[in-house]
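We call the chains A, B, C and D, going by the order they appear; numbering starts again at 1 in every chain.
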Amino acid sequence: MKYFVQVDGEEFEVEILEDGRVLLAGQPVHADLVQVHEDLYSLLMDHASYELMVERGEKGYRVLLGGVLYNVQVEDERRRRLLAGRSKPAAPVGDMHVKAPIPGLIVKVEVEVGQHVRADQPLVILEAMKMENEIRAPQAGIVREVRVSPGDSVEQGAVLVVLG
Amino acid sequence: MFRKVLVANRGEIAVRIIRACQELGIPTVAVYSEPDRLALHVRYADEAYYIGPAPATESYLRMDRIIQVAKEAGADAIHPGYGFLAENADFAQACRDAGITFIGPPPEAIRAMGDKVQARRTMMAAGVPVVPGTAEGITDEEALAAAETLGYPILVKAAAGGGGKGMRTVHSPEELPRALAAARREAKAAFGDDRVYLEKLIHPARHVEIQILADEHGHVIHLGERECSIQRRHQKLLEEAPSTAVDSDLRRRMGEVAVRAAQAVGYTNAGTVEFLLGPDGNFYFLEMNTRLQVEHPVTEMVTGVDIVKEQLFVAAGRTLRWRQEDIRMKGWAIECRITAEDPFNNFLPTGGKVTYLHEPSGPGVRVDSSLYGGMEVSLHYDPMVAKLIVWGETREEAILRMRRALEEYRIGGVRTSIPFHIQVMHNDAFIAGRLDTRFVERLFAEPNTLPREPQVVAVAAALIQRERERRTAIRLKPHRRLPSPWRWAARLEAVRP
Amino acid sequence: MFRKVLVANRGEIAVRIIRACQELGIPTVAVYSEPDRLALHVRYADEAYYIGPAPATESYLRMDRIIQVAKEAGADAIHPGYGFLAENADFAQACRDAGITFIGPPPEAIRAMGDKVQARRTMMAAGVPVVPGTAEGITDEEALAAAETLGYPILVKAAAGGGGKGMRTVHSPEELPRALAAARREAKAAFGDDRVYLEKLIHPARHVEIQILADEHGHVIHLGERECSIQRRHQKLLEEAPSTAVDSDLRRRMGEVAVRAAQAVGYTNAGTVEFLLGPDGNFYFLEMNTRLQVEHPVTEMVTGVDIVKEQLFVAAGRTLRWRQEDIRMKGWAIECRITAEDPFNNFLPTGGKVTYLHEPSGPGVRVDSSLYGGMEVSLHYDPMVAKLIVWGETREEAILRMRRALEEYRIGGVRTSIPFHIQVMHNDAFIAGRLDTRFVERLFAEPNTLPREPQVVAVAAALIQRERERRTAIRLKPHRRLPSPWRWAARLEAVRP
Amino acid sequence: MKYFVQVDGEEFEVEILEDGRVLLAGQPVHADLVQVHEDLYSLLMDHASYELMVERGEKGYRVLLGGVLYNVQVEDERRRRLLAGRSKPAAPVGDMHVKAPIPGLIVKVEVEVGQHVRADQPLVILEAMKMENEIRAPQAGIVREVRVSPGDSVEQGAVLVVLG
């Protein structure tokens, strides 16, 4: 089976043969991966020893290796063939929900409905762990909704602002 | 020595204090809140008392309850650790009134240093250099005028503050009103007091502090400096001792000033005098932390003095076991604060269950930790869950040792600051010892220079994905035998390139 | 310095050596057998090569394969650790022939010390005192006669021996034939050589050894003594440095003799000269271990010398970084060997899966360990899985620290020697420093003096039993809601007595 | 429910009331037991803090506390009532199988069939971990069977000698 692996946007083709042999971009590599515990893996690749922490998310894997974080998506050849007929998935459209990353208290709301915001512009100030945390816009857009007011307590994951 | 010591704290510092007591043969009493029932400090202490639900105001900050537990358990001394009640003069006074020894300075010294503006005045009178600034409790209008006189950039600080809370840097008059408002809000929330004051910003500055020990018989010594410039939003992330900016002459001068500062307020027990060290070698009193510091272990590693045991001896009325001339710094120590924060997501605090834990050890490595396998990291408390400290003969050895220790540290289930520290240990400016309080800001502005291995990650991810698919396939065909153990070997020599 | 170092070992010592290399910036190559794929040394090294199935003769003892891996990986040095190939002169020679540095003494020195009888002769010629005894390879009849001359008690020892294998104590002529037979059998099995010899038993005796460091430029120094009297069946269980029986004068004299012993065989690198120390202060050469010792960390803790790094420097041809007068012992260090053996069942080796692991840490504690959560402890190898080492300002502090560290150490799923060490740390003779090689024998003859808490155990067992029954009951009534978490609180203040 | 707990032969009566209160020999104690992980438990008893390692065996519990090992059997009142009508369980009768505690090689057999042996007398020498281990008689008796010979490899749990 062939896998197309996106590592921080860079694509690698990894083929795993039925007998366990591994080809990276068509070249054989000697790869031995063993799970140590849940998210912890040991990989020996051409005798080099690596330890990886692998978190599974909705969109793929979040891999930590040697202090560097990699965001990884894996697609196998069957799935790629299935999708080949269709157009490439477009950039995300529709509204973007900005959520509270931790539970806390809304101290201040910095934007109003209808306002244009730049990427990284502060939207809301959330107090948690006794510190004020600025919640910033993940991308540019227009504020469609503001769902919180100063003094509100919010749970983790609560939608604070909707950008369009 | 004490009959029994109550530790009025939680986390790694409670464990640290309990260990010191055990090593002196003193029984210990832990107190704990609802989520801390299985915490290491509860399990390591001889006795443990439940004091309330998770919020600190209903448990670790309940002076009345803690003193009542001390009486009930027959404890004749209380160690407050850091944070919570450690710098609360009323608590120190309440202990004294209850006939219990507060293991820390007298309430008068806490008060004298606790009010930042009064402390400045006292220090100026004692001939201790201070950063130019304003009086406390100024209005926004006064602040605008004073800032013009001092010259930008300036710092807005909370009169009742500490630990970076209620503190803001301001570069221009336009930013000042917003910074004042934010600082007042934070100060109000954290301390119930929204008074602020201004200070000239020394830039580029290092944050260098001097550890003090004082007994009740008039002896005050210092244990040299700690370099604490690596901070994010005024929170220290990483400390070392000694400092690459301090030579023996400067150490002696800063030490003498720090001793004078302690003497000026009748200080006893352990304390720390924080200075800003300017690029010209001038240093300015910032504040005195009238308690044990988070970063005390780096000083212990280079001086061989066990600061917590010394606190216990001194609080019991003993004479300091060390004279100034006995104190020598040997080698180099570095501490990384391991926090449950995601360095790849703006250091947001992360909770969760510790599913796997493997802490580093071996020569020259010390871990002061509150972690255990199965622990639920609570968002109710400070995100610092452990401290990794290393010692080396030289700074170079300490850095290499810290790298290997960080690489060995495995915490499953909770995101931590470990990758941040790995990055620092490979940063050229850090390795060269070129530090100031803007170090972290610059680090985040630069691209990460750690070697990237995307092809390794790609192969691992493909193998993991294949296994997931295979498992799914096996679940659909229950009669097929599950290969065990979970493993793929591609060892056939034939495929080697 | 070396380009790359291959570590021809497993377990904690492989981890120890890899850490030292990492802290010097030297890449490392691990080798591993089938069951060791996930061992820490494999995961911590830069590279790892599979060398064969579990039995050591098919993996860790395969000289040819190890040298082949070194060549393939481009390693220019091999560290043998202890055990396996560490004292194998042929291996040292094979490395030399392959152009690879053997990190240890020259093969000639290994040979000279490896044959116990030749070593005795060499030592006597060099003026090193030895225990009275016979030549090697004596017949049973010769042994009976010689024993009469030497006087009982005597020791039967294997000519090719080491580590207590093939060794027996004999108190009377009646016991001798059986002891000879057993010693020959063990020696044959372990070394393929059933020759034995006799030695007078020094009694009561302490086992005290001197750590040596020697470079290739004629410098030999010693790092003081280690007390290793706490042994069971000639296997060391617990070591300390310094020894309560050695003052500075005796240390100087033993050190000088040890240096002379090393010089007599042209020794280089790290080594240990073992002595028996009699009650009269006389000491006798026992043997020289021509390798790194298990217990080297106690010497590191009191001298500040990193012995493994020094081995690497010296093997690379550098001059020793220390002169004899630079070596000072500071404080006290104790090491407990943590073995997968059941101290409540005659120290029988126990395998199994490590289901939970929490290793101690904090000030003055070092753990050199091969353990990790999920590890399968294999019965194929030495049962020692970790070493717990503490340092204290004084011996008393070291003992108290060791107690708390042992109490913190939690290994689930595998029975270990930890309870034995707790007992030692509470033993009056140990605390008083009254040690000799019969210490363990006497300890087991005495009743355990640790405080017993049967009522606590009874309450815990009843609560656990109730929970088991409740769970069973719940399984029978699936609609009943399972109380969660698994917990019973009897906190109602009303029931407090 | 009342529990009769034998700790190394000493009996303790522990009653656990429906509301969770605990009585030890009729006296109330304040007991809070929580499982840390599988075999590891934390007990607070009248505020004293204990950590116990508990292994479950066929015959009861093997509890490790503060370096001391306790062998524990628990019987609840129902079971005791059931057994009350019967005579006390007699001392073990019948043959005693002496088993190999670890896998290894039989080096020597020290006894013969028909021989009387004392408790603690060596029966067999088993080489394992490159050391010779003496397997001794757990109680006095007569050797009924010897199931191994020198040179045999045995697995853990293999019967070596049967005593009667």
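Following the convention adopted for this analysis, a contact is a pair of C-beta atoms (placed from the backbone, for glycine too) under 8 Å apart; a residue touches a chain by one contact, two chains touch by 3 or more.
Computed from a predicted model, the values in this text were never measured in an experiment.
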{"item": "Per Cα centroids, the chain farthest from chain C", "value": "A"}
{"item": "Of C-D and B-D, pair with higher C-beta contact tally", "value": "C-D"}
{"item": "Rounded Å distance between chain B and chain D, as computed from the means of their C-alpha atoms", "value": "48"}
{"item": "Separation of mean Cα positions, chain B and chain A [Å, integer]", "value": "30"}
{"item": "Inter-centroid spacing, chain C versus chain B (mean Cα positions, whole Å)", "value": "37"}
{"item": "Chain A: positions in contact with at least two other chains", "value": "32, 34, 37, 48, 51"}
{"item": "Chain C, residues touching no fewer than two other chains", "value": "44, 356, 372-373, 407, 491"}
{"item": "Chain C-touching residues of chain B, taken from the complex the two chains share", "value": "15-16, 19-20, 22-25, 44, 50, 297, 300, 304, 306, 330, 356-359, 361-363, 365-369, 372-373, 392-393, 397, 400-401, 403-404, 407-408, 491"}
{"item": "Chain B to chain A touching residues, read off their complex", "value": "165, 182, 185-186, 189-190, 233, 344-346, 348-349, 355-356, 379, 382-383, 406-407, 410, 412-413, 418-419, 422-423, 426, 448, 450-466, 469, 485-492, 495-497"}
{"item": "Of chain A, residues touching chain C in the complex", "value": "32, 34, 36-37, 42, 44, 47-49, 51"}
{"item": "Chain D to chain C touching residues, read off their complex", "value": "1, 3, 5, 7-8, 10, 12, 14, 16, 19-22, 24, 27-35, 37-41, 43, 45-46, 48, 50-54, 61, 63-70, 72, 74, 76, 101-103, 107-108, 125, 127-133"}
{"item": "Residues of chain C touching chain A in the complex", "value": "30, 37-38, 42-49, 73, 372-374"}
